[in-house]
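Before anything else, here is the set of structures, which you'll find just below.
In what follows, subunit A forms one complex with subunit B and a second complex with subunit C.
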Partner chain A sequence: MKKVLAFPHLGDYKHPIKKLLQDLTHLEVLDTPPITKKTIALGSKNAPDSVCVPFKYNLGNFIEALELGANVLFQAGGGCRYRYYAEVQETILRDLGYDFTFIQIIGRDHLRFKELYHIFKNLNPKLTKRTFIKALLFAFFYITYLDKLDEIIRHRVGFEIEENAFLKLKNNFIKECSKSKNIFTLTKIYYKYKKKSKKVKIKKPKNCLKVGFIGELYTAMESFANYELEKKLAKYHIEIKRFTNLSYLLWKKALFLPFMKRKVKKYCKYTLGADGLDNVYRVLWLKKHGYDGIIHTKPTGCTPEIGALPIIMKVAKEEKMPILFFSFDEQSGIEGINTRLEAFYDLLTLKKEEEYESLFRN
Partner chain B sequence: MKAYLGIDIGSISTKGVIIDEENRILASSYLWTEGNPIQAVKNVLNELEKKVKDKDIKILGVGTTGSARKLIGTMLGACSIKNEITAHAIGTLSKYPSVRTILEIGGQDSKIILLEDGIVTDYAMNTLCAAGTGSFLSSQAKRLGIDVKDFGPIALTSKHPTNIAARCTVFAESDLVHKIQMGYEKKDIIAGLCYSVASNYLNNVAKGKKIVGQILFQGGVSKNIGVKKAFEDLLKTEVLVDADGHLMGALGSAILAKKNSKNEVFAFSLKNSKFETAGIECKGCPNHCEVIVIKKDGRKIDSWGNRCEKGSLIH
Partner chain C sequence: MKTIGLPKALLYYHYHILWKTFFDALKVPYVESKKTTREMLEKGKEKCIDETCLSMKIFLGHIASIKNQCDCILIPRIYSIEKKEQVCTNFNALYDLVRNVYPKVSIINYNVDVKHHHSEENGFIHLGKQLGFSKKESKNAYKIAKKKEKEHNQLLEEQGRKKMHSKKTKILLLGHPYNLEDDLIGKRIISYLKDKDIEIIYSYEVPKEKVNTCVQKISPKVHWTMNKELLASFIYFKDHVDGTILLTAFPCGPDSLTNEMILRKKGKNKVLLLTFEDLNSDVAILTRLESFLDMLKGGIHL
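On to the complex of A and B.
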């Protein structure tokens, strides 16, 4: 039987991951259908009721991909309940009667290159260590550049004059990157688009609102799961700082953790699982760098974030930092989210105006 | 005379006020929404028009708030469409400039707004559950066979309020049934219900918030003096209830309309136009966005709800 590979969605990372899988296996990699209400309906129908919502999205992705003919599924893992995703999802899908191979690439919390090599060697017996390393390096640079470009865009997208100018730019960037053959051309493309992104016309006031976006990783990175929160913030002309991205999770975090631990010693003695401790640190960071407010998102029942919430609340209170909490589940009513967001925006604007005026009074 | 109109369309009731340039209320109206916001707003406009008929006023701006603010705002061509939190804060501040805490319990949502020096510093709204809101009280009043308006006075006569589980509406209800069968007096049960609403609010919505004076209690439930007393007992401070407390959201949106006025005169005759809304399910992709289309006299004036460009093409 012909092997068809598929993996669940995670924002724009489907492009580098797809490229990596193609380079490693030379097999067909299926484009998992975009997340829609049908995806989440399928996921919640077949998932345990109380499981966190990324599980449901992933499961829905898998079912939709299987229906289209995928038969090798990839799932990562680690950090929190995410560890169990692969096993439980495999069991559920087998109970549903699908026939497939299930591969977990990050078992036991850490990415092990040797293990990874053997997984792909099984899929593609012709794979050499040389091409393996080359493909991984390519993916590494691809993800890094994508995240870097994203960061530049996040600073400017709220102030674009021509609508969707940055979205178009990013889509073109991804298109060119996926076509490029080696790291050298990839780097060239990145610098070309970096220059381009700075040339896109924007109208940015000096004292614009700046908001930090923290919280659980999936609801931060997958825009469907957070009801396109970043887009909404951009519509309010807010500069956004988001910490969580794939390059952070895969390698930066490990380097950064001892430093963060030292910085939040006053509040946490141990890590809180997943990104709990990171989020406590981020509140302090955002305050120090003059941000106006924080938005925290998590799926309902996300254990590490629930542990971190009281600490984050305390820190935010001490630092007098306005903070808005969102807890997302499979419900699709967005009116409540819009109301809270609008009120938060009003709160920040009025506070900023008052601060600005009092500056002149004194 | 220049005047401004503010409308607050809630789940249970629709409120409308007309204010002058000094934010004084010239006329007000308070009617049930009864599941039909468009008709309710037409009725409110009718009542307001009658009240200001003999005065020479020109309405130069319309503001809407409440859960149907977008629909009604589009319908009336409003110059300000604002969320309830901002509207309530601004409305209340115009009357009580030194207010620090606003407790608000409405038909199906409740919120707390904290202010400092006239600026909102923090707020919270209830999560998806309607526990401890007006609709809970009115459904329990029905069970006890009492008009919800009599709830407060009866509650005040009780000396020993019954303890009723407050966390969840479903549990509170089964607890209530149990207490009735045990033989508790009705007035004690009613007082217990008032306490359960107040303590539910303080434990859920106001959790972790520092409540300091001056405290104002608003929303439909604030008309119930039993709940007001329960709040005072639990917080151990005075809680103010304004006679116009239910109009604060409408007042706030009228003030916002004044700020954003485009100096276009609003005509009451708009209420005679025929407004239609339709929910269309876009079939462009499996997401099936629910697109709302609003028509005035058969002509489409606006639509929303689609997540991509496709949704705007189908009608």
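On to the complex of A and C.
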């Protein structure tokens, strides 16, 4: 039987991951259908009810991909419940009567090079170590450049004059990158688009509102899971800083952890599990760099974040940082989110105006 | 000498023998908190967000009740008990959480993180150091405590084996020890079942050396040490009992997935899932329990 690969959605990273899988296996990689309300309905129908939302999204993705004819599924793993997702999802899908192979890329709590090589060697017997490393490096640079460009865009997207100018730019960047064959052309494309993104006309006031976006990884990266919060913020003309991205999770975090631990010594002696400690550190960082507010997102029932939340609340209170907590589940009541966001925006603008006036008073 | 407070919740039920013998050997006085009450739960709820799991709320309530009776409270931080495995992330954050939520309470702690080379023995030596004992003294005390714990475990296993061959109706009560033994959660069920003259087998009575082989049959990749024991106990006891009751506290992270695994692979075994919340009444749970018992007996004969 012909093998067709599929993997669950994670924001824009489907492009680099698809490219990586194609380079490594030379098999057909299926475009998992975009997340819709049907996906989450399928997922939550078959998943246990008290599990966190990413499980349901991923399960919905898998079911839709299997319906389209995929038969090799990929799932990763992490520090929390995420590591056990793969096995439960495999059991559930088998119970539904599908026939497939299920591959977990990160079986332990971090990525292992040798393990990964053997997985892909099984899929593609012609794979050599040389091509394997080459493809991995390409994906590494692809993800890094994508994240870097994203960061530039996030600073400017709220103030664009022509609508969707940055979205078009990013789509073009992804299109060109997926066509390029080696790292040198990739780098060239990145610098070309970096220059272009700075040429897009914007109208940015000097004292614009700046908001930091922290929280759990899936709701931060997958825009459907957070109801396109970033787009909504951009519409309010707010500059956004988001920390969590794939390059951070895969390699930057390990390098950065000892430093963060030292900085938050007052509040945390040990790591809190998953991204708990990082989020405590980020509150301090955002305060130090003059941000106006913080938005914290997490899926309902995310254990590491629940453990970290009382600490985050305390830090934010001590630092006098306005913070808004969102807890997302599979219900899609978008109006409630809009109202809370609007109120938060009003609060930030009022606070900013007060600060501005008090400058002149003194 | 400092008096140490042991809150009777969460890790207490995993480690109480070890802690108590350790402190006895060093002649350190300690106090335990009283049984869980509704009041404690209310106090714990004030201190954390509402999504926190029930066991954690109870734990925070215990700390509030005990903090004035002792000089410091023992709260260990546990990341991994065995290599390549983890525990629920609540235990990773437990120490820092309590430190931030109760800023005035002094806490004594030790760290167990086998993955990053902090073994349990080193943790206890560190604990002894904080109390002013030398390395040798605390090492000896740890050895005595560990021996006692082993004996206690053997006793439990022996009990389990004996109950397995009893002729009464047998029910496997499966859940974390801190849920089973808690007065607000498990004790109500246990007393009800005992009234009905039913032999109860607890999930922590599974032989420790059988855990790794048993768990391979149901879920080889599970990485929570504590849930591994639950899964293994289900496999070990399932053919010897008439029914299984799964006890969980409401938003329990690991349980939400492992219970699904048990429910999907239970085959012909009869399994009842009971989820406890902070605002439930006895009546609903007892009704379900009653109907489950009736089902085990093969239907209601009026």
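Methods note: the second predicted complex is superposed on the first by the 362 of 362 C-alpha atoms of A that agree within 3 Å, B and C clash if a C-alpha of one lies under 4 Å from a C-alpha of the other, contacts with A are read in each partner's own complex, and residues count from 1 in each chain.
Everything that follows uses one rule, which is that a residue touches a chain if its C-beta (ideal position, glycine included) is under 8 Å from a C-beta of that chain, and two chains touch if they have at least 3 such contacts.
Owing to the predicted nature of the structure, the values given are computational and were not obtained by experimental measurement.
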item: First, second, both or neither for A:T91, with subunit B first and subunit C second; value: second
item: Touched partner set for A:G69, first subunit B, second subunit C, both or neither; value: neither
item: Touched subunit A residues, subunit B compared with subunit C; value: C
item: Subunit B versus subunit C as contact partner of A:E354, first or second or both or neither; value: first
item: Contacts of A:D346 with subunit B and subunit C, given as first, second, both or neither; value: first
item: Shared subunit A contacts, counted only where both subunit B and subunit C touch the same residue; value: 327
item: In the complex, subunit B residues that touch subunit A; value: 67, 82-86, 117, 119-123, 125, 127-128, 208, 285-288, 307
item: Subunit A-touching residues of subunit C, taken from the complex the two chains share; value: 47-49, 51-53, 77, 79, 84, 86, 88-90, 92-97, 99-101, 111, 219-224, 250-254, 256-261, 264-265, 275
item: Contact set on subunit A toward subunit C in their complex; value: 47-48, 50-52, 79-81, 83-88, 91-92, 95, 104, 107-109, 267-274, 276, 300-301, 303-304, 306-311, 314, 327
item: Subunit B-touching residues of subunit A, taken from the complex the two chains share; value: 33-34, 36-39, 228, 313, 322, 327, 331, 335-336, 338-340, 342-343, 346-347, 350-351, 354
